[in-house]
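Consider the two complexes below, in which chain A is the common component and chain B and chain C are the respective partners.
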Partner chain A sequence: MHVNLKNELLQDHWFVVGFGLAVLFATVTLLGPPLAPFDPWDMSFAPISPPTAQHLLGVNDGGQDIFSELLYAVRNTVAFGLVSGLVALTLGVIIGLISGWFGGYIDTVLMRLADVLLAIPAIMILILTAALLRPSPVVLALILAGLMWPTISKAIRAQTLSLREGLHIRAAEQIGGGNWYIIRRHLMPEMFPLYLIGFAAKARMAMFMEASLAFLGLFDPSRKSLGMMISYALKYYYMDIWWNWLLPPIGCLSLLIMTVTFLAISLEKVLDPRLKETLGERTA
Partner chain B sequence: MIDHATHSVPRRLGLIITFGLAALAMIYLSYSLPRLLPGDFVTAMYSSSHVTLTAEQEAELRAYYTEEPGFGRYLLKLASLDWGYSYAFLTPVSALFFGALPWTLLLLGTAHVISMLVGFVTGVEAAWRRDSHLEKSMVGGMTVLEGVPEISTGVILLVVFALHLGWFPAAGAETAYAEVSLLARLADVGHHLALPLATLVLAYFPGNFLLTRNSMVMVIKQSYITTARAKGLPARRIRYAHAARNALLPLVTRFGLRLAFMITGALVVERIHSYPGLGTLLYNAIQARDLPVIQAVVLASSLMVLTIILGLEMIYRIIDPRIEHAR
Partner chain C sequence: MSLSIDRLSVLYQDGLHSIQALDEVSLELKPGVCLALIGESGSGKTTLGHACLGLLPQNASVEGKISLNGQQIDYNDETSLNQFRWNRLAMVFQNGAASLNPVYRIINQVAEPLIQRADIGRAEAMLAAAQALSELGLNHDECNRFSHQLSGGQIQRALLAMALILDPEVLILDEPTSGLDAVTKTIVADVIQKARSGNKTVLLITHDLEFAVHNSDTITMLYLGQIMETLPAEDLLTSPLHPFTLALSRSYPAMSTARDLGGIRGDAFYRTVHQHGRQEGEIYKHSHIQSPGSGHESSHAPPTGCLFQNRCTQALDRCRTEPVALEVIGDHQVRCLRHGIVSILDLKQVEKSYGDVVALRPTDLTIKAGEVFSIVGETGSGKTTLAMTAAGALKPDNGTRVFDGHDMDEWIRRDYKSLARQIGVIYQSPAESISHRFTVLEAVAEPLKIHGLCRNSAERLERVIKVLAHVHLSTDKAFLGRYPHELNMGALQRVSMARALVLNPSLLIADEPTSSLDPSVQAKVLKLLLDLQIELGLSMLFVTHDIGLARKISDRLGVMLQGRLIEFGPASLVIDKPAHPYTRLLIDSVSGLSQKSFNSRSGRVEPGGCPFEPRCPRAKDVCKNKNPQILERGHRSVACHFPLE
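For the complex of A and B:
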């Protein structure tokens, strides 16, 4: 399976498009600050002016260069999604492995906790903490990760349960391999496709959440974000700014979510069709 | 069958305990988080007003607004719908909440019913015509649509249909102060509902379509479908009575699983179209730092979501009896 993996992925159009866009966004994320022509917090330009050669997308109501703002905003949204997705993945894998391998009351307690967290609407917790405590974006990303791990860990647990009956795992136990040795050397590498699928799904959810929270005005207003740019531009929709101010952040956000969606869908399709059931369904 | 009866009772109880714990966690959070709050409503309200408070007045106001009820009394007040007064609107919170709730239910309910029905039927039909040009382009189009977030769809629809073409109103749920007959009023409500509804349907429908199509493709391969064909049953009967029933299960699961996620989109869409539901109420409350309203909207809508998911879990067990026996 691993031999054909690269070819199979490259044959999938969704993967190729998604990967191309991902490279583009990675460039913007990494090179954003040097690429930006102006400091996005510099408010010294003529407010609400149309695009010129100097200001590629014009200037917003606060006298800030929109193109520079956009580069910083993409960076923030991507970073939020990646951090939240990675932490959720790490938590989900560790908890899923422990739950599936050790079983017993550890399993019962962890999975009951997962059920409780699954039922709670994450956005409500985020709104409550963001509105009341005004935490930094990193803290919000961590809270979101703390609410998103259950689906991943349920998939990992189910896979662990079926893997632990495998001959090679039994053999590893027979030659005296300890719990952690088996988990690290045998179980973790074998579930690699599940990590990719879970990560893509969670990163997508986190980016969507970030944009929505910023749109609702729950982040620090000085932090550049696609959602916030849309929200501000929408206040001036009656002026003729929709194509240079409103459309760019909307386009970027849509492309970003599409990128992750395409990658998630094609990874799921190619890596293992059987896993679709495990990741998509709740096994309460 | 006896086995069935003895197993189902504790399982159902476990489910209720899980959701009870989730509800309790939400209630406790909404009770305890505001107590950690720096700053308060008195500062927020009077720092920018023309009224200058004396130190004594300020202390009294602060004492009034930060009164500590204790968790037990908090629960009791919660159950009796006594949610306090809104700081900004100066009306009972429950009145604000129940004024906004019908609009949200109308919007979300209609959006879900339409996107489920349409997504299901098109998904079944697409799977039946697998590998045709129509099916391929539909799957492609839906995958692209699945990648467009509600914020983008909402704003684009608003700009195009409300601002440039002027076909639909840009805000509100009905024309204010219009005294018209019932029928005209219904048409008016529908007219205002169109844009937010279209946004949500466009957001939910592709996922429903893709899921139904994917599970239907798996179901069609089963041998009992071949049997049904061999018996000479009409194609539509096979599709809906035999195959689609099993393709329906993932759709119901997905609904419960994604409900918590979908609420985010609904909040944003209401704000874009200024639809006077819970999302707009919550947005205004956040802007005004109106704590009791934020708390009430967050808590009450979370509890509603929990109830809906619990109900779905119960229904799911009825549609698919295999779950009772599954480990």
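For the complex of A and C:
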């Protein structure tokens, strides 16, 4: 990179906010269990009690500490989003590069497969799988990744097709660089912004999907999840619990998604200076 | 009267090692014929002349024999030798003023051989001398001057008169034109002409190539005491067969060549032979070539192989070891293992289309080892396609490609990398041909990395630094860490030259390498490129749209029109006397003036017709219907029904 990354990033508001939130969520994700004041499965407290100094967010209908529950839920959602997003990105990049670089019938086969997957609604597959087979969350994350890669690979493939006509890539070919060498040294570094966009979009989608599935009660009910918390809280919304029981998981979910988005926007902008103007950030 | 020299070897003893001046030289000089002996200084030309007269110094040991009219000359018999020297065999020495006696008047010195050898009275001799001198253009006053009072040209005339005064049968002229202006040279030429018509045998020792071409019948090229090539005089500048002949002719500022002077890479001064006593009955010889700057640590000349191989543009490993004899090829005699200059690249009838766009129509292209071939043409004429096909980066739809004697397509299938090492490519736009994410070091090291030629990064760095120094770029750490966008275009194009050269290719393909540079940077980059071409002994395919540029750099030149070479041949010939009207148009358009005599309408080209027909002022009906075949005319090839004369 030819830019002073640190200075550029610190001047960017999107990054500062996104990074702050990311640090917060990373702390929660990594240190959730020791931070939690109580065992979130412990049902020994007075059900549906408002927040106190001991129970920061009160106690839910099952007599569990909501704050502890929230810490565990965030951890699960983030892990699901990261795993799913990373796997989708990896699949998408590999398939996109292979498809774009080798072309021919490899390209045709892979891209038709991508078209088929794009036509199938992911949520439907996930609901059916979760309901019928009851797989572990990791398997579900992988299945989701397996459904999400086509959009990434389409973008990577398109970029590969345009890059492969570039003179430096043809020069490397003429020198005798093999396929793997050119993909690794010439194509992959050129597409960094695409990885960020792809990952952010997919991680966002996966986190939202996880919350949705949990909301619908398709996960093991004992697994803490933001969606499940929202779903339980909604049952008692006529009581005055919305601010201490319903709002925290909803807020966390929104903030999580915003974190990923903010970071992606800022990194993309800094790494690809051409985007600065289109986003109008400098002048705004 | 014929003079024949048979396996003449001359060694100058000099302490421990001796200098090998001549190595088994055999020549046959016939009456009425002038043979020119050409070579660099130190090649043994003068030694040969002196050997014929028996004038070699004491420390010379001579082997072989010289015979006049079939009768061997006995160089030990001083009295008969003295008689024979001026009467039958006369020599004009190099460095004329030094061979005249400063205390005698010129006319006395010219008369001297008459008095001494022909027993003629003094008065008669003086008359004859005056007569001989005036025939060569010296008047009475000048005849009576001393040698230091005469100009170089007048001295040369006096020497010629001296040599001719006894009407010898064999005349040896040692560098008769060196130091003479062009006009005085013609007097020497007249003398040679006259001697030839007088059925004398003339041996012309010279390094003036053009003079030799026009005044001799046969030319013998001498290199470090060995004959490299014997060829008809008119072939010297146009179709030599030995790489040495080609390189030497390229170094000569002939009026007919437009290209900047070349030169021969490396140097060679003389050849020494160490004699390490006898081993199993024969003298064990160990031979070296001395070159300036090498001191006593001389470059190791091959003990057995070709003497020229270290400076040759097409040397193989076996050239170093295998002995080479002169062989007859056509009317040439050539001492080369590879039977003369080889073609490094040979494209036959290559064709290429992109969809229904025809980029290349069936075209032949031959690049000889060590030459620069330029392709000139308008944009879209298929230059780059042809160049990339030659580079092996594009696969032609049809046709055969041969690189260095091997089928290229087969080679690409078998082992593309080893072919890629042989061909370096410089692209039009250096900024695009180098990844913007690579530093200078990474960019230049990339080919080494791809080919895995270096064991570690230190070795790689060493090679990168070496090649950067070759292209006159800085080699310090800061520069190596620069990114392409931090460099100016000239430096960047040199980086891409370094990239193309780092694998030591034998063919360099440059696709408009200077079109993005301003004239001053272009001049520098081109000069560097040509210097490297000579120093590294590369062959080069140079693609450009600028015919003026091509003229300055190429040995041969091809003009492309609509995917086909329509004229190619020696650059000077094609540019001075273009045969195709399109070439004429290209040359005339260089100034930017509109060309009224050519039709500007870009009328429809009939399929199968000549692509230039709509614009051609000479077009006739046949041009509409029939695309002309490439035909050889003189030393060039042209595809036109009505070529210009």
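Annotations
The rule is short, and it goes like this: the second predicted complex is superposed on the first by the 252 of 284 C-alpha atoms of A that agree within 3 Å, B and C clash if a C-alpha of one lies under 4 Å from a C-alpha of the other, contacts with A are read in each partner's own complex, and residues count from 1 in each chain.
Here, contacts are C-beta pairs under 8 Å (C-beta built on N, C-alpha and C of every residue); 3 or more make two chains touch, one makes a residue touch a chain.
These figures come from a predicted structure and were not determined experimentally.
Look at chain A after the overlay: chain B and chain C fit there side by side. Touch criterion not met for A:Arg184: it reaches neither chain B nor chain C. Look at A:Ile127: by the touch rule set out above, it reaches chain B but stays clear of chain C. Once the two structures are overlaid on chain A, chain A sits at the apex of an angle of 110° toward chain B and chain C, using CA centres and rounding to a multiple of 10. Measured by the number of chain A residues touched, the leading partner among chain B and chain C is B. Shared-chain residue A:Arg223: touches no atom of chain B or chain C. The overlay of the two complexes leaves chain B and chain C separated by a minimum Cα distance of 14 Å.
Common to the chain B and chain C interfaces on chain A is no residue.
Interface residues of chain A, counted against chain B in their complex, comprise 14, 112, 115-125, 127-129, 131-133, 151, 205, 208-209, 211-212, 215-218, 227, 230, 234, 237-238, 242, 246, 250-251, 253-254, 257-262, 265, 276, 280-282, 284. Taken together, the chain C residues at the contact with chain A in this complex read 391-393, 416-417, 420-421, 423, 425, 427, 429, 432-437, 446-447, 450-451, 483, 485, 499, 503.
Those residues of chain B that touch chain A in the complex are listed here as 15, 18-19, 21-22, 25-26, 29-30, 33-34, 36-38, 143-144, 146-149, 151-152, 155-156, 158-159, 163, 211, 214, 250, 253-254, 256-257, 259-261, 263-265, 267-268, 271-272, 282-283, 286-287, 289, 291, 294-295, 298-299, 301-302, 305-306, 309-310, 313.
Interface of chain A with chain C (complex): residues 2, 166-168, 170-178, 181, 185-186, 189-190.
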